[in-house]
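Structure provided below as structure tokens; questions to follow.
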Amino acid sequence: MKPTPAEQLELYTLMVRSRVFEETAGALVVSGEIPGSWLSGIGQEGTLGAIHQLRPDDYLTYTHRGAYGFIGRGSDPKLLLAELLGKRTGYSRGKGGRHIADLEHGILGKSGTIGGHAPLAVGVATAIQIRGGDQVVMSIFGEGTSNRGTTHSSMNAAAVWGLPVVWVCENNGYMGNVPAPMYTAVMDIADMAVGYDMPGEVVDGNDVLAVHEAAEEAIARARAGQGPSLLELKTYRMRPFGETSTDLRDPAEATAWRAKDPIRRFRSALIESGVLTDGATVAISEAATAEMETARSYARDSSFPAPSDAFEDLYA
Amino acid sequence: MKPTPAEQLELYTLMVRSRVFEETAGALVVSGEIPGSWLSGIGQEGTLGAIHQLRPDDYLTYTHRGAYGFIGRGSDPKLLLAELLGKRTGYSRGKGGRHIADLEHGILGKSGTIGGHAPLAVGVATAIQIRGGDQVVMSIFGEGTSNRGTTHSSMNAAAVWGLPVVWVCENNGYMGNVPAPMYTAVMDIADMAVGYDMPGEVVDGNDVLAVHEAAEEAIARARAGQGPSLLELKTYRMRPFGETSTDLRDPAEATAWRAKDPIRRFRSALIESGVLTDGATVAISEAATAEMETARSYARDSSFPAPSDAFEDLYA
Amino acid sequence: MRTLTTSQAMNEALREEMRRDPSVYVVGLGLYPSTGDSATNGLVEEFGESRIRSAPMSETVIAGSAVGAALAGLRPVAELHLADFAFNALDEILSKAGKWRYMHGANGAMKLPIVFLQGIGGYVAAGAEHSQSPLALYWHSPGLKIAVPTTPYDAKGLLKTAVRDDNPVVFFTHKLGDSGPVPEDEYLIPFGVAEIRRAGADATVVATSYMVTLTLQAAQNLEGQGVDVEVIDPRTLEPLDIETIVDSVHKTGRLVVVDEDTERCGVAAEIGAQVMERAFPALRAPVGRVANPNLPIPYSPPLEEAVLPSVAKIEAAIRATLT
Amino acid sequence: MRTLTTSQAMNEALREEMRRDPSVYVVGLGLYPSTGDSATNGLVEEFGESRIRSAPMSETVIAGSAVGAALAGLRPVAELHLADFAFNALDEILSKAGKWRYMHGANGAMKLPIVFLQGIGGYVAAGAEHSQSPLALYWHSPGLKIAVPTTPYDAKGLLKTAVRDDNPVVFFTHKLGDSGPVPEDEYLIPFGVAEIRRAGADATVVATSYMVTLTLQAAQNLEGQGVDVEVIDPRTLEPLDIETIVDSVHKTGRLVVVDEDTERCGVAAEIGAQVMERAFPALRAPVGRVANPNLPIPYSPPLEEAVLPSVAKIEAAIRATLT
């Protein structure tokens, strides 16, 4: 079902907010205020078409890339940036950095080992199944991450147990600077679904409405107790692997993909269909910029944890 | 290509020798002379149709079940039984027990963690590829073992690198006493091949000639540098999981499968086609029995390692 | 009092806790159908296949899904069978379970109530990958609690405590098992309280699990020779009741630690270091270590005996502290 | 003499060994195309994609395939990037590589010439799963050799030795890197020979990798206060040059071990135990341990500094042995 105009606007706004957040974070890496790194998801915001449809009581597990998981679920950019700056006010009190949990919004944390979150998604879905109820878990990962044994064993277990997991593979064609054919045997990760007797679908990941449509079906299926499915979103990372990494991909390829920027594409469509005006476009962007500036100030103004804080939080 | 009558006789003889070996080993577990256990492959000797076609310079990696890997490659039953009895004359000098290597015949050892051998098979094939040459690696595993991440990551790597691996899944429908639908999402493990863009074929594992035919193609493919493939042999384990385990499977099912015993079936066919006479059948069995009795005596007469031997072999 | 095996005692603990709390469930290999003397025997019949969840063969999924379920509010018991197999789930146990709460700043008072059941131990001719006791591997890593019961009584009481703990607990039981008295009435045993298995004045020996059995035998042999050994069983390594050990060393001046695990960076090294830090002046001899001399565990019984601790080796180590 | 970074020195070592011996190859993530200052920089251009083998994202395959290739006669170098990621390959490294030869009775003189490259270390705000230095996790396990070079000079010489060793070697380098003089002429550094980084009479400090740098600074600070510290860098933990350490303790009577890894069952506990066993009468104070106090490594710099060893903590520990 196509989202209503209001939903479309909301989706568009999330995409813009996510991008501005990431631009802000990227600049803070360059300035050295973020002492770690940031793995940008700019260009991959089409994934929000899937994330946006989760209910507040659903769960999301994510890998390493992008802010749209958080923004889409309703996390507070202030606490996100504070965490990235290592401040005590951050989501993980400065202990996590890029390892951020937002339990209130069903984001249970980040695995430092890529692909380590897949079995966790199986566990969350197990909890849903044992407790009863129709929540779902969405688990996002990259095509490189599909190589890991965790991905396979988790998809198999989810299928065997009929668990409410929506697996979302963001296939951006690269692992770092290495092109996908050097590490994945199949062109379409969706083909892997055959090995788990679950639906697998390839979607244009830069077409947020196409993602929306495909995800709707997968979520409905999971909610109805019909088990997991796999969506593969074909997309492209518009930034280097990490904000401080060297990008060795073909610049012509990047240019071609930039024309397919999911935000620009969605904006054109929305303007064409009259859902969005030029004025509203500017207003949304300005609001996002103002919001992220406020968040940045908050993060900057927050204090660092005290050394003694290091000795807390180990055990409950 | 159907094996010649002489090859068929050889194959039949290997099957019989393997079974008598396993009966001998099983009895030694019951008598307590084998201090560990034995995971019998009786009923699954159809796999020899694949193993038998390897060249002397090829490699085999195996999991945990059956003796046909060794017998098929030409290992010496004396040294096998001596190892199982923990004697110094055994293949692994008594240090391995069921962990047996026979380097001379391309069997590089056994992983105690099931599925741990899959990445090793990838490595052996990598060595072949780097050195150049047309050797192949056959890697045998159970359908339960297909659940492991090692299996997935290894199949993907073998496919990406175009390695000469023949993956052979012995699907005996159970992991211990648990039936396959409780742990594998697909009925046919061969379906997994789709996710690695390699051929996957289901074969009647109790029809040794069918296995022979399917394996011939897979081996030829690997030898020609066309990459890995997956054969799934549908079969049944005629013994409990281990010789000391309780068997909780449906006895009616076992009876039905016993009628499909790969040795009996092959014998009937060979007699019908005139390749085998009743007299030859008896002679083959008697020879196998005599051989395994000799092996048992050898193992029994061998001495245990000295305690000081424990301090050898750690480093080269 | 009744006599139960360790498995039976653990079975009772699981049954009681699962009846008491619907958020407790078990996940592991081969839990269906029930087979004989195991900690999960008969549970699937009472609690069904959802809460006694037979898993695909993936220790990664067994352990990792337990972490996910715990984060979502359940109290999983992950049955990993042998500690050797759990090597396939070390990222999940060490990093996901052990570090997750801290790494996320205890976000929203995040809890990880998980029990990881693992069988340990040799002396059964099972070879290098079915005989290990990797206590130090876990103790070395932050954020886990570690229980190593010796008797069925302790196994039951500690397992109930483990299930109720809001933190991940690695729970090791020896595959040789044991049998002993277990009361009918419910009881729990707190973590971090050592049991003095035998009081003595001449030397202190710290041992866990099956090593306690061997040590008590050694102590009895030495008693005949006029040496009076105190045997302490910490029961949990994390938290460790170091006070009881230090008090004993203050009394005896001698310490031997017996550990089935490999010696290097092992339990004996750690307990020795802690005792040195707290009671250096009391130590009248170097801390003795009886452990696997850094070898894989061989299959053949005479070799296995050469590698693993024995009554004779323990006696010799105690004697060495006395000369 | 030229000045090289650790990566450059390792790069030379790999290049020289790969030219010398066609059975040497490298497998790991992201080896294509070459990027800047890494140990594998430029190698794919010289040796091609078969011998500089960019792998799928599976540490299990990277490490496990190295074991298989070694069994089949090659000499793999498995580049695992961070030690944290190698947690996904512990069954492969600890059990397949470490125990395989022994478990199979050295069948046919089986060899496992593998180098597992792993980056370690914190102080870079990378968080709990990108900052670990799990030295003891490997040292605890039998059958592996362990190199922990500090300087580029040592990194090159030890790496060449590692590649030629017929046993599995875990080769740790700190992600902070280092730079220093490296001669043009070929050289190898044998395993098991410690380097005395600074001679001193009052206290012995054993440290590896970046901990050597911190310790030398602490020693310099203490020198100004009249305390003369001897700093020993073992360079390899397995084999360990315990003689050099014991000799030093016989001279100084005091020992501190500095280790970036978690303290419990760590390198300091083990070296302390070995020294106690060999030189108990010489010890005039308990062995000091400066290590991570059993916490995951936090992200925020002030927290990270609170957890990891520092010059001040090392100074304090040395002082404590003197009072």
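First chain written, first letter: the chains are A, B, C and D, and each begins at residue 1.
Throughout what follows, a contact is a pair of C-beta atoms (placed from the backbone, for glycine too) under 8 Å apart; a residue touches a chain by one contact, two chains touch by 3 or more.
Quick caveat, the model's predicted, so the values are computed rather than measured.
The chains that touch subunit A as well as subunit C are B, D. Simply put, of B-D and B-C, more C-beta pairs touch at B-D.
Rounded to a whole number, the gap between the C-alpha centres of subunit B and subunit D is 40 angstrom. Look at where the CA atoms of subunit A average out and do the same for subunit D: the two points lie 36 Å apart. One inter-chain figure worth recording: subunit C and subunit D are separated by 30 Å, centre to centre, where each centre is the mean of the chain's CA atoms.
For subunit C, residues touching at least two other chains, in rising order: 55-56, 58, 60-61, 84, 87-88, 91, 95, 102-103, 127-129, 142-143, 295-296, 298.
Shared interface positions of subunit B, defined as residues touching 2 or more other chains, are 92, 94-96, 99, 111-113, 147-150, 153, 156-157, 160, 182-184, 314. Contacts between chains leave no pair untouched here, as each chain touches all the others.
Contact residues on subunit D toward subunit A in their complex (touch as defined above): 29-30, 32-33, 35-36, 54-58, 60-61, 84-85, 87-88, 124-130, 293, 295-296, 298-307.
Contact residues on subunit A toward subunit D in their complex (touch as defined above): 35-36, 86-88, 92, 94-99, 111-115, 144-145, 147-150, 175-178, 182-184, 246, 248, 304-311, 314.
Interface residues of subunit D, counted against subunit C in their complex, comprise 84, 87-88, 90-91, 94-95, 98-99, 102-103, 127-129, 134, 136-137, 139-143, 261-262, 264-270, 272-273, 276-277, 280, 285-287, 289, 292, 294-296, 298. Touching subunit C in their complex are the following residues of subunit A: 59, 61, 90-96, 99-104, 108-109, 111-113, 116, 118-131, 149-150, 153-154, 156-157, 160-161, 312-316.
Interface residues of subunit D facing subunit B in the complex, by the touch rule stated above, are 23, 25, 27, 50-51, 53, 55-56, 58, 60-61, 63-74, 76, 91-92, 95-96, 100-113, 142-143, 145, 166-167.
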